[in-house]
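Before I ask anything, here is the structure I am working with.
Chain naming follows the written order as A, B, C and D, and within any one chain the residues start at number 1.
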């Protein structure tokens, strides 16, 4: 039986769960999973329900819209693999991890293309029969280069864009072109070590733990809503290169976990934070 | 406004959430928090709902019982501090941690008494104006000693009994006297190192991580439903005493987190496992 | 047999280990533990050696000074409990943890006194028969208040001063009065969330992990050399108060581990970083 | 300048460090890194020294042998990439991780061949231009099949054999053929869940943390010396398949870290435990 994911983002009021469950019940739909969260500070209400049954999407959405407050955001996605496009630069550890998962069927996504600003990863990507595009930024204005990237991405119309260590700063135009669709892995435990060379910064500061952060990309560099973080212990024997080496294991696991959340439609965003249901 | 915690443990069927939320809505009650879980393997359904409003407990329970499947377990607890009795032996780290939280108001519980099979901790406990009872096991049969302990506990009629490194094995009689009410902290990452001297066992085996496990006590030693676990890294420089020292920090944090879950009525048990909602 | 800890901090050159071990051998001393570290970037050499035997301290230091480069720092401490003074404000979790360890003999230190800028913790401290001094900062200039604190500390001539959640900013005068002797616990994963209310900051930023940092106090607030850090996972359900609650467990474990390193003479400082041998 | 790794495994006695450092000094060799460990229980002494300079290996070993106790084990390896052979079955996550590191130059090893008992991974391995051999165990006695595997490995004379989720039990003959050369990744936090289907076991037991363990292979299944372990949190929402998915990230990181230790000659074994210097 087909499964659908119902996502509701609204303000809390009495009877929300009742109203939603009444409609699902009346439509003879089964609730396979259900999770809600109310943020007391902002009175926001989030609900993610996995339903199965003979769903008439248009009708169901119509009934829900009528029953819920006007300003509610309601989405109903059929469970399926999402199309993604990956951006990278030169490093292979995060990209490679995605590729290995992909060919083994462990990634709930279709990798439509990999785009990089260097050709260093071309051989690797093409081993996996995935289109690889090198769009060099050399001798180009930032905006002109980015326009080419945007154009290439749009050819594939992906549901998600994954920055797998894409080492260029994105402009607001890019962010606007793909709202809430761009996932980035930052190689530090944000908000520590924002900006360039976080491992060098971490080494200089003498921290005893380093980390990585997967977040949605917004206009503010390294300030987007955080989806997943993890850390690893280091000590004084680590050069910054050793930290980078240790950090790479964290980066790929963090990106992979965050991506999994997005592929399962589990992430809500509000006030620059995420709710993971 | 008073808050109540509604706990439902039943078998999954269509309309459960709908039926419960309908009754809450009809009684003009607000859902402050709500969480459900369905175990697909066993078809078990668990629901924990924090409600506020003018609750008529008897009426509400009656309506819920009528609406839910017959074999359902339904509980409705007013949010309040629970009475607990602590059992200990000689070690002070877990007990001390509870005492410090207690006097600072951070523990959502009333410590009614501490009972130990040695008098070593008497001074510590009495500093905090809590009744301390030493019930020595010397020259006594296990059952006779345990009967005295049971009797003393029953004087206080606690909602929970916390074994804060109580180093004696309990008989089925004890477990039966306080069903689903006894929380233990085991000084290993169960099911590794069941039984005596887990740190010595861990040292002998040469593990690189040690841990602690908080679990409900059942008839099978160290086999009860696990509530919380945590770990800490060790290496070859650790003697078994060093491991014990490092492990003590884990033990107290694990016990404390598990106890917090129990005090908040968040733990369901089925098939010797826990669901934490 | 008595044990001594030899600490050498110098610049790397050929034959250092040879020269030190030759002298120890010639003096019929046993090496119980030995660790070295060379920082390639700065060419700094650090060595910590636990020796046992019939040690003539003056003679040994003399011989070592002659054999090692002129600018070397050489210390020889007999293994023993250090005297410490604790500063606190109102929170009891870190202080309480130290007190419980102290009376159980698990802390390798003598707590000589607790000084606080409020009297809130007086009852707790006096339960443990430790002098408690409330030096209120009310209606006083920062410097005048701090002078009183310094004076009180100096009465006890401690080897270490432990800030167990002492919530006032120290002036350079304080730092100068007790160089490399002041240990602080900061309630964030530094360098994230420097300054006031780190849990509120963390909640606002929507991080998925929070932490705590033990560091030496220097003139720059929250910028001193880091000794130990640890973290704990949080999620969107955590209010900032929940984060604080979860963080407290981390704070006390982090402070306790860092203090243990200091009590064992295992920490070297250079370039605002620590080497832990 | 060439670097060498000196490894000494002996019984502790006065003057060991002195004797070794004297010989290195007399030979005009620089100590780049040095670490020792003495196990008090067994009086064992371990030393790993990275030296640079104009090394005459035969002469240096001769001098060291004369200066150290007779039963000492002394090794002197030039720093270089080691040859490895990987054994696998069907799962690609650990193998894939090694392959990605390999082509990116991050693995300090030459992967000479991959041998599997199924042909499922053939395509993946051959993408990376590495010889792949499928040696099916179908319709064969265990010993006969293993003989073929041993023979194929011996063609490559590797310094290490990495079991990257090789799902067959090895006989003592195999272990004997490659003493202290076989690294395995076990998909549980040993000694918990020895044997088959550890994720199913973990799910059945209801643990809140799962892990993975990299260890040397010995005659006793899952009982070899542990080199590295790591864990990840799980909860009641995880099916055993979810646990396996989460565990895979841990498995590949654990195997990768353990392998790195072996490639850097940092692992000593004694009494079925490891010392990592």
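Operating definition for what follows: contacts are C-beta pairs under 8 Å (C-beta built on N, C-alpha and C of every residue); 3 or more make two chains touch, one makes a residue touch a chain.
For clarity, every value in this text was computed on a predicted model and none was experimentally measured.
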When contact pairs are matched by residue number, over half of those of B-C recur among C-D, A-D or B-D in A-D
Relative to subunit A, the most remote chain by C-alpha centroid is chain C
CA centroids of subunit A and subunit C: separation to the nearest Å works out as 41
Cα centre of subunit A to Cα centre of subunit B, whole Å, reads 37
Multi-chain contacts in subunit C, i.e. residues touching at least two other chains, fall at none
Contacts from subunit C onto subunit B in the complex sit at residues 91-93, 96-97, 99-101, 103-104, 106, 124, 127-128, 245, 248-249, 253, 256-257
Subunit C partner, complex, touching residues on subunit D are 14-18, 21-22, 24-25, 28, 30-36, 38, 233
The subunit A residues in contact with subunit C across the complex are 37, 39-41, 189-193, 205-209, 211, 225-231, 235-237, 239, 271-276
